[in-house]
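Below, chain A partners chain B and then partners chain C, in two separate complexes.
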Partner chain A sequence: MANEDVKVGRQAEEDKGALGDSRPGTIKFLTGLGAAAHALRMADIDVASSYPIRPYTGVMMMLSMMAARGELDLEFVHGEGEHGQLGIAHGASSAGARAMTGSSGVGVVYAMEVYSPISGGRCPVQMVIADRTLDPPGDFGSEHTDALSTRDQGWMLGWAHTPQEVFDNTLMYYRIGEDPRVYLPQMNCQDGYFISHIPQRVVVPTQEEVNSFLPPLEFPDALDPLNPLGHGPQIFPGQGHVLEATRVNAMMGTFPVIDEVVNDFNKRFGTSYDPFVEQYKCSDAEYVIFISGGHAFTGKFAVDHMREKGMKIGLVRTRWVRPWPTDYLADILSKFKAIGVVETNNSFGAARQCGILTLEVATTLYQCDNKPVLTAFMAGLGGEVIRLDEFYYMGDVLKDAAAKGSTERTAYWIGFHNV
Partner chain B sequence: MTFDYEKYIRPGKLPHIWCPGCGHGIVMKGLIRAIDKCGLQKNRTAIVSGIGCASRLPGYVDFNTVHTAHGRAAAFATGMKMADPDMTVICTGGDGDGVAIGGNHFIHACRRNIDLTYVIMNNHIYGMTGGQFSPCTPTDAFASTTPYGNPDPIFDISKLAIGAGATFVARTTAYHATQIDKLITEGIKHKGMAVIEVLDCCPTSYGRRNKFRSVVEMMKQHKDIAVPVTAAAKMSEEQLAGKILTGVLHKENKPEYCEQYAKLINKVQNPTSK
Partner chain C sequence: MKTRFKKYTVEIPEEMAIPFAGIVESPKPNGEQPMMLTGGWRIYRPVIDSEKCVMCKSCVLACPDATVLLVDGGNKIGFNLDYCKGCGLCTWVCPVNAIDRVPELDFEDGVPFQDALFLLPHVEALYAD
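And then the complex of A and B:
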């Protein structure tokens, strides 16, 4: 893994000018996993629980090395499987530690039982996910079905599209999840390989700056031998709906906190993240690609190229899947004539025979007076690259849909329908 | 006459993924010789694995083969054996797969004494994912996630199997190539859960980090520390310090699970018969 500082000091200062980056800090050349590891180090995590699986596992190798070098006061614990791994993170968080864990693909879903107890226990664990296709058969490529399968388990869930965003999300997610108005676990997702293993420039702030942004965790109901209390009791059915309502309120209550935290981050670190949804060249767009995760990086180039040909296309990238930013997206999406959702996941037999995100987008638009034409692009499945020409094909379908007010299909399979 | 391995190898599946110096190929050849010795029919033999380097073995051999989820070989094989008790079912896999993520299934297969043969290749590391420490990484040894030495105590796989109830438990090393097929043959013929632990070499992920200058050195270490269980009976505790016992460590006859299950069905369906 190439995670070396390439340029620091004056050279880095010069680069900032050339690349139009006004952020202060050291510039490192980091993969998505390297960015996560450095951010976790600076977040001063207390416990990491690991289990090896590609491609996320590099973050654990880096963290164990940082702990061994004394760069980070960390308890590094190895689970006997992902199920045990999540149990360790749950226990650590219950005891008041800033805990992290992570996984990929089948590892993410093997731990499925433990997600709801962690979120229901309001333990603000952070999980680094580098997406990987689920079995069968064994495949190493990135597909989002692994983490999306956990969307109903009460965790916050969002994707970064560059190593820099991974770094920044790591800090923002902890601050949001540990906010006393929230106390929820977070899945900090990045595409396997495309983000996790390809190094890019990452601006790393100083430790003091991170400390002032992210205060130490204060968990009021931490297990403490001097002040014993019980976690995870058995309840009666009549108490269930109250508990569920509390959990929904916690999740819905994250919106103002996300807004506040992301804006504070932007102010401190000179970034310009939209708290919920990134809009790329959307101001005069008639049709847009809707996307989540790393393929947005390619998608933006494709949009540039199509715009050069005079197409009125834009790209909308959601930074969150849970909570789903319904109101924000309804405002943004309802003004377009056509929307194509890039689905790097699959939901076999779903309504419209699309993936998971289209279901959410369709539900979002249902309340709107203007309902754009909506279709899905099943792309990047099995971890395949989504090429520029495939984005151009999507652009053509959307241009046609905007003109006609309809599409031939509710879901286009890239690799089948475009050949 | 040389042994014809190709008869049992799937055409087009080679070359394999194993690194130069890895012992998994030696174990695979031993397994093939054992199957040949037992005269098993290809279509009545199943080889089941989990995930990992050792678990790639079933892909190369021409039997009924299944590459299941990480750690699930014993669970999957239990279902298979229950559905078709006359089928010979063999599990292959590594230490991380078998006794970490699959540890629960492994001990319960041992407890039930179901008629499986489990060949477990113990190379002390998660090789495929980049050399993370497993429950069989020796204490103080180095792995990618224990850069200053492993603080954890280990599982002794053979002792674990005996303790859990397996009725045939044997151990050898990848150095002792001819013993591998002898022990697997005996395991296949044994009625009940048979565990054959083979200490294996992972030069790439384990050897390099633990100051083994070559595979030969790793194999020589296995040769030096291996003491046949028969010879060990005549040795003192001091002489046995740092050694590992090889050969058949445990063998007993106990009711086999599929047979017990069939008996119960028979009893319930025919209450008058004895």
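And then the complex of A and C:
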């Protein structure tokens, strides 16, 4: 990889005349949104539909810049709101375009009606999400409740934990979602601010490499005025459950495709992603932090420090929430004594007043012979940082839980119970 | 780690199969669905002024229920009032304001004056006994 133009953030962008540079194997310093924009440019997207809301909107600023400078042949359409924005992406994808859109926080949920028609129409739209806390209080920080609220709408859903992973996921998600065995939309999520606005080193491959990894989209039955078709199913009675079943099959049929695509990506680009679940220092761990998204970055440092003190702790990071990698996680998680799920989301009134991920983890473990002690850490809510000392606190709770076989609480509120 | 792809999928018998994403040729082979009449929801009825109409067919594309019809050998716009729910999109998209929205109360056969729940004789017949 050529390493001659390592510069930081805005300066790098200004010096190079924005974002169009595609020299072989360039190393750039990019925010999560910058990484997404570059990956989308290299994926040669046809249509972007936007509506402004921070923090995600940076990706649209960059894409419009690229389009204006002629670096990307792009139909850039502005919605009248997120509901319309998703409708534009739906239409574009139905017509066979490689379409992207994106949003944050309340914008994600304002578009709620349109998610199911897109996945039911099997349109492989990609949505870039930079998580933002829902209102109130008009907070800008990251909380995953926005995107997790859409988890029952038939979209693939996963989180990156570095800008590099955002870049790579963008390409992998399109290839998975556009696979003829799948045809499903994808939510490419990153934590607002922590990932979306903090630049890190990102290796950008050559256009040729990207082209050979990601072939153009071939959408069956694309809209065509010369061959009129009825999209948006109007079914006979007795077909409703069949239609649902086909979408379930598409989603649950993604496992072999994800496996294949991620391994192919690793082979071509020299990366080492686990297709589903990252395990950090888990081989001899007795208790683990389970996490999704950007706080895993801090979590790994914390695990290193706790290991230095002799604690048998590890970190398990799921790369997917939909489809939920049930069997993988059952294999991985059932061997530990205690698991603490870091919930950067909230589900008011949920079982045990934990967050959404604990419900999934509990369901996963229910069938296993060995059931670890399971607790939740409500952390990073309202976009708060999760500090190292807070991870240490979680480590202490888990160590204790592993020794005793129980925890005092079903959910620990970081910022309250640790002070 | 043992990797396995457990089967969570639903087997769909061949005779129950439906087309990809429920996409069908147009016009839809299902035709009308007399058990799902939506005309009774209408508050405003679309009324076409064929003098003004320039046959751009924007209204045909816009109608969410495919109830804007090409009538008179394809030369005029008409409406299938059994299913038109009065949403007003056709009025909204018409570039020459050829589609008026008239309150159902202004029609002798307006929706509120229908004494049957269903508008069509063939639908009523379904419930005859």
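Everything that follows uses one rule, which is that the second predicted complex is superposed on the first by the 394 of 419 C-alpha atoms of A that agree within 3 Å, B and C clash if a C-alpha of one lies under 4 Å from a C-alpha of the other, contacts with A are read in each partner's own complex, and residues count from 1 in each chain.
Convention: a residue touches a chain if its C-beta (ideal position, glycine included) is under 8 Å from a C-beta of that chain, and two chains touch if they have at least 3 such contacts.
Because the structure is predicted, anything quoted here is derived from the model rather than measured.
> Touching A:T57 in the superposition: chain B (first), chain C (second), both, neither?
first
> Going by the contact rule set out at the top, does A:D264 touch chain B (first), chain C (second), both, or neither?
Neither partner.
> Taking the superposition as given, does A:L229 touch the first partner, chain B, the second, chain C, both, or neither?
A:L229: touches chain C, not chain B.
> Given the touch rule stated above, what does A:F76 touch, chain B (first), chain C (second), both, or neither?
Once the two structures are laid over each other on A, A:F76 reaches chain B alone.
> Could you figure out whether chain B or chain C reaches more residues of chain A?
Tallying touched residues of chain A, the top partner is C.
> Could you look at A:M252 and tell me whether it touches chain B, chain C, both or neither (first, second, both, neither)?
The second partner, chain C, only.
> Considering only the touch criterion stated at the top, classify A:R122 as touching first (chain B), second (chain C), both, or neither.
A:R122: touches chain C, not chain B.
> Spell out the part of chain C that touches chain A in their complex, as residue ranges.
Those residues of chain C that touch chain A are 1-6, 8-10, 12, 16-18, 20-28, 30, 33, 35, 66.
> Mind listing the chain A positions that touch chain C in their complex?
Checking each residue of chain A against chain C gives 120-122, 183, 220-221, 228-237, 239, 242-243, 245-246, 248-249, 252-253, 255-256, 259, 326-328, 331-332.
> Show me the residue ranges of chain A that touch chain B in the complex, using the header's touch definition.
Spelled out, the residues of chain A in touch with chain B are 50-54, 57-58, 60-61, 64-65, 68, 76, 78, 80-82, 106-107, 110, 135, 137-138.
> Mind pulling up the chain B residues that touch chain A in the complex?
Listed in rising order, the residues of chain B that touch chain A are 51, 67, 69-71, 96, 100-103, 126, 128-130, 132-133, 135, 144-148, 152.
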